[in-house]
Amino acid sequence: MSQQVDHASKTSSDVVPLRGRSVVTLDDIPMTQILDLLDRAAYIDTHRRQVAHTCDGRVLATLFYEPSTRTRLSFETAMLRLGGQVIGFAGAQLASVSKGESISDTLKTVSNYADIVAIRHPKEGAALVASQAATVPVINAGDGGHMHPTQTLTDLATIRARKGRLNHLTIGLCGDLTFGRTVHSLITTLCRLGHVDFVLISPDELRTPEYVLERIRSSADCTYRETGDLNGVIGDLDVLYMTRVQQERFFNEDDYLRLRDTYILDADKLRAARPDMAILHPLPRVNEIAVEVDHDPRAAYFQQVRNGMLVRMALESALLGDELPGYREQKEVAA
Amino acid sequence: MSQQVDHASKTSSDVVPLRGRSVVTLDDIPMTQILDLLDRAAYIDTHRRQVAHTCDGRVLATLFYEPSTRTRLSFETAMLRLGGQVIGFAGAQLASVSKGESISDTLKTVSNYADIVAIRHPKEGAALVASQAATVPVINAGDGGHMHPTQTLTDLATIRARKGRLNHLTIGLCGDLTFGRTVHSLITTLCRLGHVDFVLISPDELRTPEYVLERIRSSADCTYRETGDLNGVIGDLDVLYMTRVQQERFFNEDDYLRLRDTYILDADKLRAARPDMAILHPLPRVNEIAVEVDHDPRAAYFQQVRNGMLVRMALESALLGDELPGYREQKEVAA
Amino acid sequence: MSQQVDHASKTSSDVVPLRGRSVVTLDDIPMTQILDLLDRAAYIDTHRRQVAHTCDGRVLATLFYEPSTRTRLSFETAMLRLGGQVIGFAGAQLASVSKGESISDTLKTVSNYADIVAIRHPKEGAALVASQAATVPVINAGDGGHMHPTQTLTDLATIRARKGRLNHLTIGLCGDLTFGRTVHSLITTLCRLGHVDFVLISPDELRTPEYVLERIRSSADCTYRETGDLNGVIGDLDVLYMTRVQQERFFNEDDYLRLRDTYILDADKLRAARPDMAILHPLPRVNEIAVEVDHDPRAAYFQQVRNGMLVRMALESALLGDELPGYREQKEVAA
């Protein structure tokens, strides 16, 4: 409240590199900017009151062509915590939007209402189409495979918060490594930094695709090994990223039941893990992490939820070109 | 706007007794605090502008696992009128939340977004589970029988606004007294104050359960009488609390039609009532109060809607520990 | 934020003529007030920051008994851009509202929460009923035929923005002129100003109803001619208002396919049009304007979306009696 934000000044000389652009994938964002977004998220976390009016007068539109309440609430809270406002629709409400109108027309329309858009759509490529039609920044909140850049930013922020760094780490990824696009995106982004040892833990039926393995092989000082045995490797890990093993991926129920238990993390399995290993999970979980693990200090998946909101605050303000009060000064002092 | 609220100071030394706790039922809230909430609601009503920034920077999450638009809008308006913001979902949007995720996990997640939660759920006990998992205050907005503490606070606020007191009154309750949990909660709470004469007006099929009658018998100076004849007792009442008689409660339609009209309040029946009797109804009504009654000065049910918003403003700010500007000073002067 | 709005003062002496009333149709709003609303919309467009707190502390309720996302988002954004807040429901969420409760009761309830209401309902006449029950201003956002006053204000604002005036113009209306109530409302309102030459372009099956033609005949210096040939008249037009030709209006598919192409506007047809003709469309479009036309400077339909938000800002603030800072002074200087 005491912070008087001047929109005219903040959109003129203070050029933020990401300002005005859309983010459909992290692949075309320079690594220095990705790391800067993580710095911003960490700064926001410790300067909640200072940043509470960063986006005063802004409006975010959440266009969710399929429901994803968790992701929608995270985007919306992020904007509200920055002082902005929210409009939008989710799933069942969209009848009149989808009725014969193209995504492009909807985005051209919404560009007249909102300053920034988060879009989720069941069809792969929809976010790119949306970003090309819109005259305001668009953030991909999941299309098709439901991979989306803010999930990967969330994962990176959580690893760095727990381990103090993003490489020179042994990172285990466990569960469905074939269809889990969240995992592919995380691996790909970490490979850009290099110096990561991946341990890929899955049943034979759900191994990592060749294009991801090739990405690791071609990266500076990255290695991987594949295994089906979580118990055998858990003691080597700095980070364990759990994913859900969906029954529908298996040909028969016997295989599913046999394998499922192998990939459930519980207190018993955790006894062999390092005392400072970080456990991540993109949530929602079904039963792949036992509830008893929630109270283990290594559990980082609810902290991950919090980081999800923080990286979205960082990204939304950066794309809008609304500078976080005090951030630049603090960074200059640190440098 | 001119009121600059300092969050750091208001969450430190100014200890509000209810601060930080959840409210699943009124039964474990001391009567002094219930009365203080009613005082706060009355204060808010006459100090709208002074309290308009009490919850600046706060976020309420409304998690409505079944639709109840009336209740949801009341909770949301309450937070907006205090300067806060709202996120949430309602009914049809919740697919992705309910998909395999436990209420506990959802509440742990939402605790990272919001400062306070209002939850409505079709299963009895859901609000208690939610309050145990959340790390922020949770308000029960109805679970199972749809009894919820803010409805009872609303009823109490309306009785006090109309009659100037909550006991030394003859209070009639009319209609479905078997399944109407709103009525049970109101009786139970009034019994804690004592000195109330209840007149329980219902068909034989819908009489008050024994546990409620026992509650009245064991209370200081409370009495009750049961009757099926509204006309015969309406002249004795200070307050008449109407409820809906649902057709599905009856074995056959003949019984329903025969009884229904007996429990419809209209101008004709009101001729026998006192000129200052207050007519309450939890709404929505179907036909149990004729529309002609709306213009009678004794009708208090739309004032009740207004009181519903005011008590939610009182409760939300109290649980957040956000002190209403000027309230304490006024109370000290009054004492 | 720097703008301190004083609610007490702005609701006392500064009497705005429209303050406190409901708008179900434009027919009973004096033309001077309609023109003043257009002036206000234009003022808002060039004074975004000055008006950003005009409605601080206000709450708009959007009661959409059927989904119309485009219209809902426009009303909501308008209130948010004025500093107010929004509550409401849309389509699927309304179960509990509609469950046996009359529109009148819902409006009496919501009048306790909100300062102004926008209602959309599938039944003709619902908005009038709502306005009679509510104790706050109600805006008709479409009932029955989906004609609504803010659509016509939007069209007028766009014509005036493009042509500098609302009469002494040749205005073509093309497509479904029988069922397109948007078109009827626009013609009727323009006839109140007089001096408009209408060119009514439609297939024989979809000609303008007699009551609309009679309205034109009885207006001062208005003329019309009917034609089925867009190509033959496009060169004469100052404004071309396109509408959708819906397949279900035709007896057989052959007729539909034969006629449809005649009424699709594309770059080829536009070659014969004047260089400063304005192309309007109420949106959403299906295929009646080719996407290639979007980049033509004559295309005004996305500017129309923007004007829709601006006229809603003008109308909401006027009905609330919240004066736009600086507007009156500017108008006095101009006069």
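We just call them A, B and C in the order they show up, numbering each chain from 1.
The rule we apply is simple: contacts are C-beta pairs under 8 Å (C-beta built on N, C-alpha and C of every residue); 3 or more make two chains touch, one makes a residue touch a chain.
All values reported here derive from a predicted model rather than from experimental measurement.
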| item | value |
| --- | --- |
| Homomeric contact subunit A-subunit C: same or different residue positions, threshold half | different |
| When subunit A is superposed on subunit B by its C-alpha atoms, the rotation angle in degrees, nearest 5 | 120 |
| Distance from subunit C to subunit A - Cα centre to Cα centre, in angstrom | 40 |
| Multi-chain contact residues (two or more partners), subunit A | 1, 92-93 |
| Subunit A contact footprint on subunit C (complex, rising order) | 1-2, 49, 52, 67-70, 73-74, 76-77, 80-81, 86, 90-93, 283-286, 291, 294, 302, 305-306, 309 |
| Parts of subunit A lying in touch with subunit C, wherever the complex brings them together | 1, 4-5, 7-8, 53, 56-57, 59, 61, 85, 87-89, 92-97, 99-101, 104-105, 108-110, 112-114 |
